Every structure is written in C-alpha cells, then in structure tokens.
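These are the structures in question, set out in turn.
Below, chain A partners chain B and then partners chain C, in two separate complexes.
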Partner chain A sequence: MSIRQPYVRSMDGWWKRNAYYIRYMAREITAVFVAAYALVLLDGVVRLGQGEAAFNGWLQALKTPLSLAFHLVVLATFVYHTWSWFSIMPITMPIMFVGGKRVQPGTITGTGLVAAVITCVAVFFVVEGISS
Partner chain B sequence: MADTEKIIEIEVLRYRPEQDKEPVLQTYKVPFIEDTSVLQGLQYIKDYLDGTLSFRWSCRMAICGSCGMMIDGKPKLSCKTFLRDYYPGKLRIEALAHFPVERDLMVTVKDYVKRLEGLKPYLIPKEARTLEAGEYLQTPQQRDRYMQFSACINCMLCYAACPQYGMNLKFIGSGHMAILDRYNADSRDGGRDERMGPVNEEDGVWGCTAIGYCSVVCPKQVDPAHAINMYKIESTMDYFTRFVTSGEADK
Partner chain C sequence: MKRSNEPIVWSLFGAGGMLAALIGPVLVFITGIAVPFALMNPDTMSYTHMLAFSRHWAGKSFAFAVIALFMWHAAHRIAILLHDFGVHAVALVKFGCYGLAFLATVIAGYTLLTLGG
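== the complex of A and B ==
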C-alpha cells in the first residue's frame, strides 16, 4: 500500500506573504478609485440633464472641503494607477521590433508615461481654454 | 578556506507522510564557506546530520531546473542561492509553494508534466520536409522572436510565484505559455491551431491577472508573464475571428 499523501498548503492571506503581492493588490485597488471618480463625473452628466441649477449645485458640491480632500486622494491613486499600468505594459504587448531590434521594456513604459503626461497637460489647457 | 568557515542555522519545513499529519519545522546547524550554495547546505545535512531529508537536485549549475524551493519565502534555485547572503541570520527552506508536497522539499509534478505534454511542446513542421531539402533555415530575427522563451528549464519557480496557480491548480500558468510560444512563434512551426485549445479554455490564459511575480523569480530571464499576457490578445483574436471565418478558429 502506498504511503503517499500529498499535502496541500493553505492559500489564506496569500497577498500578505510578499511585498510584491501587496503592491499588486494596491495596483488593483486603485481601479476602485477610478470607478468611483467615473461615478462622480456621471453624476455631473445627470445633473446637467436636470438643468442649470442642478448642474451648478453639483459644481458647488465639488468645491466643499470634503470633496477637495476626496479629489486629492483620487489624484494620488490615479498617479499610482497610471504608473503601475504602464509598468506592466511591456508584458501585455506583443513583442515588437523596430529597425531589426527588439523594443526594450523601459522604452515601452517610458513612452506610455510620457504620453500620459502630455495628454493630461493637453486636456488641462483645453478645459482651461473652454472655461475662460 | 577552513579558517573562514562559519555556522548557519537552516530551518527546513519537513513533511513525512508516514508520520507527519502536517509539515513541521526542523533546524540544522550547517558549516559553510564563501561559495557554499543552499543546495550544498542541504547535501551537508543529508550526508552528515540527517539522512532522511528528501530533496531533488541534479546539475548544480542552474540548467536542470530540479532544485527549486522556497528560500525565506521566495522561489529560488537552491544551487544558485548562497548561504553567505543569509548569514548571520538564519534561513528557512520549504518545498515550492502552491504544489502539493510529496515529501519534505519534493513536490508533486505529475499534473504539471501532463499539462505540458498536452501543449505539444515540440516543432510541428509547417511544411513537409525531406532530408534532401537540407536544413530548415530561419533568420536571426525570426529566431529572436522566440529565443527568450526557449531558455525555460521547467524549474516551476514561476508557478510557485503565482497565487492564481495556488488557488487553482488547473490554471495553465505562465511557464507553459512561454514554452508554448517558443514553438508557436517559430517561423518553421505550423502547430499553432493544435496548441490553442488549452489556451482558450476556462483554466487557460484568462486566469492570469498580470501579477508579474513569475517573471521576477525566473532564473533564466524568460519573462513568462509576457508570454501568457501576449496570448490574451491571441485568445481574443481567436474568439472574434471565428465569426468571420465560419468557425475555422474553433477547429
């Protein structure tokens, strides 16, 4: 009779076992903040549909100290979300060759981050131009 | 070198199914010098302290992929890890995470090997060739497309690094996807459609959530996380192309 009895170890609390897993969970949880902010913007669209007074009320609500604190937290998570997103971009893209040479992971991440910064600045100035 | 010999404490998580209900820690004091690997430390234990300790090893030079284990909680090849890096503290050694423990530091690899066989990890020639046709050539760039994935030594560290595999032992995992792409991406190969079935299945590539730790622990810089994530695009293409090819992609 075989004495084999393979032992399967528990996975409870797996994400606390390694700093890498904790960073992964932090990356994933930033998506919740992205979704939360999408709801804030969606609320703005709904208020716009309800008329000028409702929309102005939404604008005023955004200026409260609680809302400003929320925006700061969301901004911080968005920066981390953007950085972590482009950090894993090299592993999510097909292997690319330019001029016969393999495009390096650092180039892909760097290009993504630069594109994100340029887009943010461009959107800022466009919105600034429209509102002034 | 005897004058520089030091003593380090090694904790080993032991599991002997005939006497242990669950794994238990056992501590050994092991002498070492500057270039003593963790594997050599284990061999010292087996030769001089406790002959009942079980572990796998073969080449001692990071080629065979046999001696993977958890060293202070991280998946590493014990032949490529040195005791000096843990001194003056102690180190803890366990069997590779996630796999069922067979005995002491040895894990069950049956499912891993069986799944690998199902992926047809060999060249399926795109066109029938005769010996008279000579070598089946490819350009250096065509070779570069799969070169990194051909470096996989099946050490399974990437599986020990993957919590998704720990939570679902049927998950295809990134290491197998690296091996699969090594053949699919070969310009001489024509077996892609035969290999895509397991990739598209429930336990296929979509179980990966891009944690990426598999690529960090890979001792051969294979970057298996890249392989499995590339195949999410391939799998998506397969899904949608069947609508325009009358189910051709399903075959």
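== the complex of A and C ==
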C-alpha cells in the first residue's frame, strides 16, 4: 500500500477562474451547436433521399415550438461564433503586412465582421429573390 | 518520422469555422426560423425545390460543404473541449469526434450523389 498521496489539483470549474477562460469556453462550446445544426441539415438531406413523405416529416418537425426554441439558441450561438471567430483571427492567422506595415488586429477583426455581414445579407437576398 | 495529421484536421477545422462565421447565422435564420414560420415563402424549402437544389451541382456542393465542414469544425473543438474537461483518453476522443464527422461526411456525400442530377 502506498503512503504517498501526491496533491493533484482538481480540474473542476477551472474555466470559471477568470474572464479569459470564460470567453475561451463560451467560444469553444459554440461547436456543440454547430454540430447539432449540421446534424439537423444532414437529417434533412437523408430524408430528401428517402422521398417526399419522409422529407415532409422533417419539414413538419421544423415547425414545432421546440424546433423554434432550438434554432433561436443555435442562431444566438452562431452569431457569437461569428463575433468570436473574427475576434481571435488576429492571433490565429499568420502575421500580415500591407505596404510594409503590420495589419492591426482591429482591422482584421473589423474586416472579417464586415465580410460576414455582407455575405449574410447577400445570402438572404439571393434566397429571398429566388423563392418569391 | 511519423507524419502528423494535424494540418489536415486543422485545415478542415479552419474552413468550417470560416464558413460558419460567414454564412452560419443567415443559414440558421432561413432554414430554422424564417421558412418554417413563414417569414419567408414557406414553399422555399418544399420537397420539389430542395430536390432540384440538391440535384444541381452547385446546390449539391453547397449542402455537402456546409454539413461536412461544420462537422469537422465542431469535431476538432469538441475533441479539445473534452480534454479541457479532464477527459484524457485522447485516442478514444479523437476516434469518436473525428469518426462522427467522417461518418456525417460519407452519409452526406453518398446521399447527395445518389439524388442524381
């Protein structure tokens, strides 16, 4: 029997210890919702392959209050994903120089966010244009 | 020297994250809220329209890219998250997360291809 009892610091709640860790956790946890949404879409594709009745079942399920609540939560996390993705981009992408000057973090984040708004609005109007 | 698969996994993670950041919010809004609850034409996602969409090479590619890349993006983050929460069975975690992403990729690819077009 071993007498030695090394102290192992508990990992419980480590990420609650400071604001940086909390932001890290919030950003990474969005992945769960990204996966959930991808699986909903995958279900739609699979049912599309099974025929009209199966696909209509999927469409009906989308019209339930539970689905609405789910998608509102997913929408919020996607918006947070967009914001956090471009917030950390100055760190995750290689250092970029334009005209001999290093591109500032704020410029990278800002450009990314503007690009996201433009693509979202563009996708919305393309779909709206085709469908109406 | 054993070559790392990290660059491939990270590229898929990055591509998925970028795609989700650029068009994720509007996709969720359209497919999950606006069309099912008639803020947009409810017929947008009818069987006929979605079948035509998925039979076109561009629609097929788009649907495949969204599903596969979102899954790879999420798999990479969730694998690291599990480690952060103290799950250190690295091989098992990677197998589970990347395995699920791989499975979703194969199912999406196979189904979209068999829809024809």
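Miscellaneous remarks
Throughout what follows, the second predicted complex is superposed on the first by the 119 of 132 C-alpha atoms of A that agree within 3 Å, B and C clash if a C-alpha of one lies under 4 Å from a C-alpha of the other, contacts with A are read in each partner's own complex, and residues count from 1 in each chain.
Rule of thumb we're sticking to: contacts are C-beta pairs under 8 Å (C-beta built on N, C-alpha and C of every residue); 3 or more make two chains touch, one makes a residue touch a chain.
Quick caveat, the model's predicted, so the values are computed rather than measured.
Once the two complexes are overlaid on the shared chain, A:102 sits against chain B while remaining clear of chain C.
By the touch criterion defined above, A:111 lies against neither chain B nor chain C after alignment on the C-alpha atoms of chain A.
Set against each other, chain B and chain C touch different numbers of residues in chain A, with C touching more. Contacts of A:20 after superposition on the shared chain: chain B is touched, whereas chain C is not.
Once the two complexes are overlaid on the shared chain, A:11 sits against chain B and chain C alike. Of the two partner chains placed by the overlay, only chain B lies in contact with A:91; chain C stays clear of it. Once chain A of one complex is fitted onto chain A of the other, the partner contacts of A:68 are limited to chain C, with no touch recorded for chain B.
Where the contact sets of chain A with chain B and with chain C meet, they give residues 11, 14-15, 28, 92. On the side of chain C, the complex with chain A involves touching residues 14, 16-18, 20-33, 35-37, 40-41, 43-47, 49-51, 54, 63, 66-67, 70-71, 73-78, 80-81, 84-86, 104, 107-108, 111-112, 114-115. Put simply, chain A touches chain B in their complex at residues 3-9, 11, 14-15, 17-18, 20-21, 24, 28, 88, 90-95, 97, 100, 102. Chain B makes touch with chain A in their complex at residues 15, 17-18, 22-23, 73-74, 97-98, 100-102, 108, 141, 144-145, 163, 166-167, 209-213, 215-216, 223, 225-226, 229-230, 232-233. Those residues of chain A lying in contact with chain C across their complex are 11, 14-15, 25, 28-32, 34-35, 37-42, 44-46, 48-49, 52, 55-56, 59, 62-63, 67-68, 70-72, 74-75, 78-79, 81-82, 85-86, 92, 112, 115-116, 119-121, 123-124, 127-128, 130-132.
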